[in-house]
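Next come two complexes, and both contain chain A; in the first it sits with chain B, in the second with chain C.
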Partner chain A sequence: MQIERELRHNAKRGYRLGNSQKIAPYVFVLPFLLSFAVFFAYPLVNAGVMSFQEVLPGEVSFVGLDHYRGLWNEDFGAALYNSSRYTLLTLFLLIPVPMVLAVFLNAKTMMFSNFFRSALFIPALTSVVVAGVVFRLIFGELDGALMNTILHLFGIPSQRWLYSSSLGMFALLVLAGWRWIGINILYFLSALQSIPRELYEAAEMDGAGTMRRFMRITVPLLKPITIYVVTITIYGGYAMFTESYMLWAGKPSPQNIGLTIVGYIYQQGFQYFNLGFGSAIGITLLGITLLVSVLQLTLSGMFKRED
Partner chain B sequence: MKKAFLCTTALLLILVMGLSGCGGNGNTETSPSNPPASNGGTKAEGGETEPAGGEAQKVVFWTFVDAHQKFYESMAASWNESHPDKAIELEATTIPYDDMHTKLLVALQSGVGAPDLVDIEQSKFPNFMKGTPQLVSLNDMLEPELGNIVKSRVEIYSKDNTYYGIDYHVGATVMYYNKEMLDQAGINPDDIKTWADFETAGKQMLEKTGKPMITFEGNGNWSWWPAISQQGSDQVDTDGKVTVDTPVNVKTMEFFQKLVKEGVAAVAPGAGHDTEEYFGYMDSGSAASVFMPFWFMNRFTDHIPDLKGKVIIRPMPAWEEGGNRSAGMGGTATSITNQAKNPEDIKEFLAYAKLSKEGNLQIWKQLGFDPIRTDVWSDPAMKESNKFTDYFGTDIFDTLISIKDEIAPVHIREKSPEVFDAIRNKAIPEIFIDMKEPAKVLKDVQASLK
Partner chain C sequence: MQPKPKFKFTPSSLLLLVMFVILAALMLFPLYALFMASLKPATELFRYGLNVRVDFDMMSLNNYKSIFSGEGAAGNYFGWYKNSLVISALFTLLSLLFSSMVGYGLGMYRFKGRNLIFTLVLVVMMIPVEIILLPLYKLMISLKLINTIWGVILPFIVAPLPIFFFRQFALGLPRDFMDAGRMDGCSEYGIFFKIMVPLMAPAFGAITILQAMNSWNNFLWPLIVLRTTEQFTLPIGLASFVSPLGNNYEALIAGAVLAILPILLVFLFFQRYFMEGLTVGGVKG
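Coming up: the complex of A and B.
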């Protein structure tokens, strides 16, 4: 009797241990923690160490801050300028446009809204590599290229799209817009659907027009999702690489007009095999992105206590 | 405050994951069809799984050109026939250009996962010469053959008198003339001996047809580099010092820019000679000639089909009477990595494929390259009908033999990848597209490379 009771007690304790509210969460997040440690934390720490080293096959030596000092050069300047300009411009493109489109798509009176939803979302499913090749042809310099054909309709002569800084940036933005607007619409649509209809009805009864309702109800209530989209757009902008890589066919763009920071990491790290310097650029990029994001979140009041 | 800290930490995590996820996208993509990486690492001995031969040794080979893979596979088959006692089982894989070189760098750097035998493209080669080269010395197999091959084609893959790679071809630069257009303008290509003659002919072409005589690359190196190499100059010297703005180099660029200004030369649409736009442009007979290395032949046969039978191959014009009329450009070396299990056996196979007469004949027949072994150039096999002789006529190698001794070596040193990029990326576009003054542009590039 006694033994039986003890056994049952022990079994209960074992059961309780496995089922403990303290341990279970850790078990559930363990896969994430492990993969994070192996694939993110370890490489990050290693990149930090490598950024102070000269890494050559069979010969690794510490060089102190040399790589960081080496960052003060024209190419990194160009990369930083391009990435920042791209990020800023994508913010203007990828926040208001999808927001307005999402409002339209969400409206009951909108015809064929399901068709437009899928049509706008489909580009997101296309591989950037394929899209890059297609856009390279669209922005070709010959008279027969699509963009030049369009210009001819307005009597504007053919342009060498991928050879000037501003036209090249324009091509990158068109590609970004084509690809990301659909995804951002999706975010805004989901947020829109959580705004109670009564608010609009009440505002309408009080005589608020469409524009006023949009500015006073929709935009403020979309704020949390807007902050999220801004944040991912910022680091999406700074992390951009494949688009410019494909648009210039894997070759360096003329006069670095399409060089991005990640492109610079790739160039230095893998094309010139300066792994140490590449790491230094990577760590710097992390710092820049963090700084910009913290700044943006502070300004938008994310860190303020909610009353 | 604590919340702010937590938020910042969370943000940091998101950024790290986001950036590493996106950053890795383009460059570490591994194709699923890529088992050799792991095979090379574990170096499984093929012996146990080999059904018939029993002793065939497994050799893992990476390349970035499909045709190279087929070439080696055929060489392995004929090697196994003639050397049944030393049979090999070649496991060849083609991986996209950038991916392959990146994977190889990482494998050699980390000490695991490299193939036994690998193709390395010329402009990437200096990366593998940094530090202690992780490739096997090929001196013992190469030295006896140095008299029969174009020596510069192994010298560019050497460091401290040790050879680490063997090229497929010489890459002799030649003129490709559109004979039909020359006839229209009344120009005889054999009268063009020097670049001055070329300019005169070009003006005649422009006058008669209104079309440019030649095209130059707008962001590539293939127009300027062969031209300075012809004159014994280069972008880096033997010691690896940057020599971008030497007087010869500046003069050449000034001359070419003058041709563009005169309308004798056009900047290639798509800014390079290897772009879809350029192929279409040439196909419609928009310019009368181009000079490119020998390997450019297959761009004509594969991408510019309408000019079949209309294009002839001639030497480049010399800069002065009796000067060099060609330059060896581009190339891909095959090397053996220090992770190969039996480098000595692989060397024998490599010598068979790349240094033997038979191998060199096959390089022409299968790949359409000018083989590095010059004694096969006069072999009757070079005139046998194939897609190249059908396109360009049977006198291709007669032209090559006439310029055999006029191919000066180029220098490829540690600094080269960076110099090439600066030329392609800054100097050439500024000179040919923005029409800036060559002397100043080259001086600036030279300064930025120090």
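Coming up: the complex of A and C.
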């Protein structure tokens, strides 16, 4: 009887347009398809085309590989170096540190772990603009600025933080750590909570020490989330712009020590209106991120078939 | 999430506690410093840099008054605030609607092209959107969306990360509920809105925080799309206080403090769901 009712039902529904189980999923994914086509695929193709063109108001001419040849210059070199260095260093900062902190927060012996979880996350809520303003002042060159006051405690003279490549990078890293450690802790913590505690208890029974348990159980079981966090860190590293824009107050940084690839796109595209050249930088950035992502996923064994 | 066993008080737990108290203090310190600076005259900031000396003679609410008085450069502040609120609310609502639909469709149904579409989601997720900044800007010009709210939000409301997240969540939803709904004569969309959306509440909580955060703090794209001061959002407005023509630190610092409040409220309100949502959505492969 139930089958009969279902059959009748299905027949009736067949006439209701768009509501069949065959059509419904396409309706559900339609927003993505539209948005992908209009706001991603089309602009991406357009960027590819524009990178071979000189785009001036009212006239567009084909210039071949000129823009790509033009990338061989000091500014782009600086941008590429800064972005890559920043990405690499954030990987060292934003993966192991939050992982270990998350393990601590997840420990049996940890008190108030919910409170600390929230406290460490709060910096992530502040906009980069606000964070940039604060850190610009913290890394100020005056004797009374916070970082310099701290240096004085150790008998080190004041530094002009935002005028040297390494010190400027240091400021960017402190800012990145401040804003991202709390978020990454949450990712690792969420994964840690799905590891059964019995595993640790069994390992403890077998005489495995804390370090051994961490290396043999925690790290391997955190692999999926680690791959994810590494991916978004690489993405965030190469896409970084606002941090350096705010630290150097929207002005070009001295000797381009704060220039990033996206900063270079912004400068060429929106300040000098070199749309073609800006697009060529964009396409180059696309190549770099794809290369790095594929490299990372290959190294972490993502492409291996798991049966 | 498993319940945490009751902790035993040991020396190592005390050590951990001390370590985290210091760490939390370090993390919250810049915000505290910002707040202290907002109570001092800007000349102090110029002369001595950012510091946390407490000096009651010098502290006042003058910086906040300069914002509320609505005069000078800070005159647009509450207009920016309103723009930011409207854009963030609209963006968060629409992106919750669309990304939950797409994620649910990808997670719950088996249909032709499903894997391809999911791969496209991952591709968009891994490619920095900054790459297409210039053509997207040109597109906004031809769609006449420059300097409008829709120009800011439209290209990004169907965002890959929330879709990914909702899909992971949908994979764990009970399929029998779907069949039960069909038996009761619910349409496919009725099943989604009436049965599944409530079941995905933790995911909605987590994505609300993420998307509200992203749109409230978004900088680069609004900076490109919004051209006139009246249309600015808070981050751009605040950034405009720091300019080559001179800095307006009074309004900047006090304005920065006030800018943190709404997103902090959203976080405190949805916090409960946030962890739960992340746990279910973020981990499974």
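The rule is simple: the second predicted complex is superposed on the first by the 286 of 307 C-alpha atoms of A that agree within 3 Å, B and C clash if a C-alpha of one lies under 4 Å from a C-alpha of the other, contacts with A are read in each partner's own complex, and residues count from 1 in each chain.
We take it that a contact is a pair of C-beta atoms (placed from the backbone, for glycine too) under 8 Å apart; a residue touches a chain by one contact, two chains touch by 3 or more.
Quantities reported herein were computed from a predicted structural model and do not represent experimental measurements.
Trainee: Determine, under the contact definition given at the top, whether A:Leu275 touches first (chain B), second (chain C), both, or neither.
Mentor: both
Trainee: Could you say whether A:Tyr228 touches chain B, chain C, both of them, or neither, answering first, second, both or neither?
Mentor: After superposition on chain A, A:Tyr228 lies in contact with chain C alone.
Trainee: Regarding the shared-chain residue A:Leu33, is it in contact with chain B (first), chain C (second), both, or neither?
Mentor: second
Trainee: Have a look at where A:Lys108 lands relative to chain B and chain C in the superposition and call it first, second, both or neither.
Mentor: So A:Lys108 only meets chain C here.
Trainee: Who touches more of chain A, chain B or chain C?
Mentor: When the residues of chain A touched by each partner are counted, C comes out ahead.
Trainee: For A:Ala239, using the defined touch cut-off, is the partner it touches chain B, chain C, both, or neither? Pick first, second, both or neither.
Mentor: Both: A:Ala239 reaches chain B and chain C.
Trainee: Have a look at where A:Glu74 lands relative to chain B and chain C in the superposition and call it first, second, both or neither.
Mentor: The first partner, chain B, only.
Trainee: According to the stated criteria, A:Gln255 is in contact with first (chain B), second (chain C), both, or neither; which is it?
Mentor: Touch partner of A:Gln255: chain B, not chain C.
Trainee: Looking at A:Leu142, would you say it contacts chain B, chain C, both, or neither? Reply first, second, both or neither.
Mentor: Both partners, chain B and chain C.
Trainee: Regarding the shared-chain residue A:Val134, is it in contact with chain B (first), chain C (second), both, or neither?
Mentor: A:Val134 sits against chain C, while chain B stays out of touch.
Trainee: Which chain A residues contact chain B in one complex and chain C in the other?
Mentor: 36, 39-40, 43-44, 128, 137, 140, 142, 231, 235, 238-239, 241-242, 245, 249-251, 262, 265-266, 270, 275, 282, 285-286, 289-290, 293
Trainee: Quick one: which bits of chain A touch chain B in the complex? Just the residue numbers, please.
Mentor: Against chain B, chain A makes touches at 36, 39-40, 43-44, 55-59, 74, 128, 137, 140-142, 160, 163, 231-232, 235-236, 238-242, 245, 249-256, 262, 265-267, 270-273, 275, 282, 285-286, 289-290, 293-294, 297, 302-303, 305.
Trainee: Show which residues of chain B lie in contact with chain A when the two form their complex.
Mentor: By the definition above, chain B touches chain A via 3-4, 7-8, 11-20, 22-23, 25-27, 97-98, 101-102, 105, 108-109, 124, 127-128, 130-134, 218-219, 269-272, 275-277, 280-281, 417-418, 421, 424-426, 429-430, 433, 448.
Trainee: Spell out the part of chain C that touches chain A in their complex, as residue ranges.
Mentor: 1-2, 4-5, 7-8, 10, 12-13, 16-17, 19-20, 23-24, 27-28, 30-31, 33-34, 37, 45, 47-52, 98, 101-102, 104-106, 108-109, 111, 114, 117, 120-121, 124, 126-139, 154-158, 163, 182-183, 185, 187-189, 192, 213, 216-217, 219-220, 224, 234-236, 238-239, 242-244, 247, 252-253, 256, 259-260, 263-264, 267, 271, 274-275, 278-279, 282-285
Trainee: Which of the residues in chain A end up touching chain C in this complex?
Mentor: 5-6, 9, 13, 16, 19-22, 24-29, 31-36, 38-40, 42-44, 46-47, 50, 101, 104-105, 107-113, 116-131, 133-135, 137-138, 140, 142-146, 148-149, 178, 181-182, 186-187, 189-191, 193-194, 196-197, 224-225, 228, 231, 235, 238-239, 241-242, 245-246, 249-251, 262, 265-266, 269-270, 275, 278-279, 282-283, 285-286, 289-290, 293
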